[in-house]
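Sharing a structure below in structure tokens format, with a few things to ask.
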Amino acid sequence: MNTTAGLYQKVLLEHHKNPLGFHNKIAITHSATGANVVCGDEITVEVNITAGKVQELAFLGDSCAICRASASMMCQHLLHQPLSQIANLIKVPMDLIKGEYTAAVNSAECFSSLAVIKQYPVRMQCALLPWQTFISAINNKNEQRG
Amino acid sequence: MATTSAWKHDFPIFSANAHPKLCYLDSAATCLTPKHVADAMYHYQCYSHANSHKGLYQLSANATELVEKGRNKVAEFLNAPTQSELVFTSGTTESINIVANCFVAPKMNRDANIVISSAEHHANLLPWQEICRLHDAELRIAPLTLSGIIDTKALDLLLDNNTLIVAISHVSNVLGFINPVAEICQLAHKKGIAVLIDGAQAVAHGNVNIAEIGCDFYTFSAHKLYGPTGCGVLYAKGDHLSHMPPYILGGGIINKVTFQEAEYINSPLKFEPGSHNVVGIVGLVEAIDYLNDISWFDITRHISDLSTYLVDKLADLDFVKPLLKHNCNVQSLPSLVSFQLEGVHAHDVASLLDSENIAVRAGHHCAQPLHQMFGVHSSIRSSLGLYNSYQDIDRLVIALNNAYQLFAIRELE
Amino acid sequence: MATTSAWKHDFPIFSANAHPKLCYLDSAATCLTPKHVADAMYHYQCYSHANSHKGLYQLSANATELVEKGRNKVAEFLNAPTQSELVFTSGTTESINIVANCFVAPKMNRDANIVISSAEHHANLLPWQEICRLHDAELRIAPLTLSGIIDTKALDLLLDNNTLIVAISHVSNVLGFINPVAEICQLAHKKGIAVLIDGAQAVAHGNVNIAEIGCDFYTFSAHKLYGPTGCGVLYAKGDHLSHMPPYILGGGIINKVTFQEAEYINSPLKFEPGSHNVVGIVGLVEAIDYLNDISWFDITRHISDLSTYLVDKLADLDFVKPLLKHNCNVQSLPSLVSFQLEGVHAHDVASLLDSENIAVRAGHHCAQPLHQMFGVHSSIRSSLGLYNSYQDIDRLVIALNNAYQLFAIRELE
Amino acid sequence: MNTTAGLYQKVLLEHHKNPLGFHNKIAITHSATGANVVCGDEITVEVNITAGKVQELAFLGDSCAICRASASMMCQHLLHQPLSQIANLIKVPMDLIKGEYTAAVNSAECFSSLAVIKQYPVRMQCALLPWQTFISAINNKNEQRG
């Protein structure tokens, strides 16, 4: 069996085994927790937003490899980005996961392992969860801002 | 050791043009369908379909007869005492809701309590929780022994004059052991308390004998017995049904109705409003015939051989953590095993196994509180059916090894 | 004039080895099954059966997709507005009970009232009667015009600030005329009142267009649309469902549950507890495809040609007393006719017709109060389907003549 | 078509067209009404029991030919019979209808047209109704005795 074929691409497994931002201790300004009813994934996304930028990013929780890898890629992707760019930056990977990405794929190459997920509809929600939770987190200003 | 099951070829899904490599280990969710059952349903649907119980013409009378003979067949299958009654429902879920809403709810008050176990499927938890909530009454949870069956002594202590019903599974869909249901019925009856047994997981694994169990209600679904979805059964002892109001209201359940009031009939049909799911009943009857033809002796031996093998093989894998260690003191073997892989999320195990054509269930299996009790979110469940063989279990073991290699991570503290 | 229907050979029941002489005039009770539908169900049952919505493996994901694509297919078929929601139920009967118990009952009080018509099937009478009885509220009965449709003016007068819902049939199963449902929705909505339309008898006879009707709820059963029993639909406008508690409680309807409390999901799945009847949904979807392939234009023309012929031929028989004389002012033709034979009991007519292989319904057709209104106990109903032809109606006429000759008696004063 | 074959035997149709006891005015000592849910048959059986004998017997109601003919045969069969014999006298025709009659058939020849009904289970109840209602009537002493 070619274990790195199919859903579990090499890059994805790399992120799963060595996740960026997993359990990092940061100075939290925003955070949120999301859950996936079907499989019981739970993830907490923690963000430090200062001076209009994502200064730090971390996540924790009991989640599957897809969710975990997706969260790791998110930490890599969004770190140090200005808030004003976030909506754009999030759109590409989320569209890729949902199979709604129509532009040329090479512009999104770093997410190629996410693009496979659209073939596994039951797992789509796993991959989307970190991103959705991130969105909740940055909208959680009022409650969470320290 | 035979590597394939003698009955596997009865199941068209394994044929060359379908899923010949499928290793199906999720029979506790739903059983695959033998050709006999699909054929009987097809034949009915093509050549005999009509509305039962309402038409006077032959085609309709034949459909009525199929339903009523089906009722007898099921009664026989369950060894239901005569004088008891059988209702066809849409499944176990509806069956339990009928008892909660029509037998128990009318007697509810704030002082009342209902006893279930901690290993119940949501179908045997939510209806009771809801009627307790509505009446501010108490839902009592009987604990399990270390062997994963209901602790009868502890359960007994929960029963009192205000207990309206004990509702427990015959076999838990997460743990797979046979609960001491006859003993529990005796305990409850001694105190005048009715007992419902959720037989969804028990019917496919040995002769259910309601006369011996002595319960007041017994429920199951056809699709867990190699029959179709959309069809279930509610057994009720003696004249329980005649003291219950109907649940869903519609055609065929009244003697007489005016715009002002209705007089309901007094028979199981009171709980079968509207058009009967005759094709579903036909499928259930055929499934029972199919299983009887194989012989229950052979079926239970087959499953228990496999189950011994499954339990042993999993015990050999040190990264497999069963929700409950199999205990030699338990007389019965489980027809299913739920477990986790050390450091691997259940979801990933199921996906990886799927990529190798192995179907197992991952999640909380509609028994979330039980998983909470074990301190986990989810588990992997492997359950057995007629079509399984040692080979399937060998494939499972190899795939679990792969999954562990591929995914296992050391959790951070 | 073609003597047989172009589609008759799609229905295996008429094949030489089954019932080639059958003259089936009871499609209002249940439609016979086209081979396409039986084939699709067989194929699913043999090769694709799995538990939907809960498994992560491909077989289960495919079953989930069948259900969810089926939901879209039904929405399209009904021309349901986007943002609306569709629930799969066990049939019209359950669909109506859900609305009565989960939408209306929570708002009930002694001052409340519910408006139905005098021509409702028991499925659209008993649930309302029961919640009115429980809350000591009023069930108001809108009368019919002389043409046998709901009298909208009279209905309008029944509506007030305390009316919680108007629940009426799109087409009565005894009278067969199309009610002015869009107009009634407008009247009710002007006063802020929700409307449920029981579409059981309407779906097989022309394009149901919910967007145009504008109702809050619409219900039907697959088996009245050439699909299987055990499967029905509840359409709910906008976010009605999200304000309703679940009805039957079981697996797959919760976000989170502990022994103490449950948090229900917010989607149509909240009303689909337990294992989905996937084979039933597969059959419904195939039936819709089959009918779309024929084209609704051809279907409605076929039925309305036959129905003109049926009404005319029965009018020629002076011993036939229709429950309601067909009135030229009614725009639509009935897809069924209910009548009595002078001096002959309906039961005997049906039996004699059966001996000539003609299947009609005799009785109160689950609309006892309507029959009481007409001052009769029972009637004979002849209803039409795709497989019928002029020849069937000719056979009916001859057999009615025979029945009259054989049985008619002069009643004693 | 042989109209008198099958369910509607000649004798039965005779009783249907010229029923004995139908709408007869009698001095009622016992009576009862029975109904058949499926088809809406309704029948009232009226009896005059005096000196331990069924002196008179009548019925009325809106019922189908089978029910009506069965009622007519009943009136013929039970008239002038002593109460002590009734249980026995009723058993034969009821067993015949239900298809539970095991003895030689010739002893029940006068009911041969009832014996066909067992082949039509949906109509069985129609034929049984008068007899069941008669039983109710004679048990209705207290309420109905004039």
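Which chain is which? They are A, B, C and D, in the order written, and residues in each are numbered from 1.
Going forward, a residue touches a chain if its C-beta (ideal position, glycine included) is under 8 Å from a C-beta of that chain, and two chains touch if they have at least 3 such contacts.
Bear in mind that the values here come from a model prediction, so they are computed numbers and not experimental data.
Chain B and chain D have Cα centroids lying 48 Å from one another. Chain geometry summary: the mean Cα position of chain A and that of chain B are 39 Å apart. Mean C-alpha position of chain B lies 32 Å from that of chain C.
Counting only residues that touch two or more partner chains, chain C has 54, 56, 60, 347, 351, 362-363. Looking at chain A, residues 38-39, 120, 123 sit in touch with two or more other chains.
Chain contacts in this assembly follow no simple pattern; the graph is neither a line, a ring, a star nor complete.
This structure has the following touching chain pairs: A-B, A-C, B-C, B-D, C-D.
Contacts from chain C toward chain B in the complex involve residues 12-13, 15, 18-19, 22, 24, 26, 29-30, 32-33, 35, 37-39, 41-42, 45-51, 54-60, 90-94, 96-97, 118, 121-123, 125-127, 129-130, 133, 139, 141, 221, 223, 228-231, 248-254, 256-262, 273-280, 347, 350-351, 353-354, 358-363, 366, 368-369, 372.
Residue ranges of chain B in contact with chain A, taken from their complex: 345-348, 351-352, 355-356, 362-364, 377-378, 402, 405-407, 409, 412. Residues of chain D touching chain B in their complex: 35, 37-39, 120-123. If you check the complex, the residues on chain C that touch chain A are 54, 56, 60-61, 64-65, 255, 265. Of all residues in chain A, only 1, 3, 6-8, 13, 16-17, 22-23, 38-42, 62-66, 68, 120, 123, 126 touch chain B in the complex they form.
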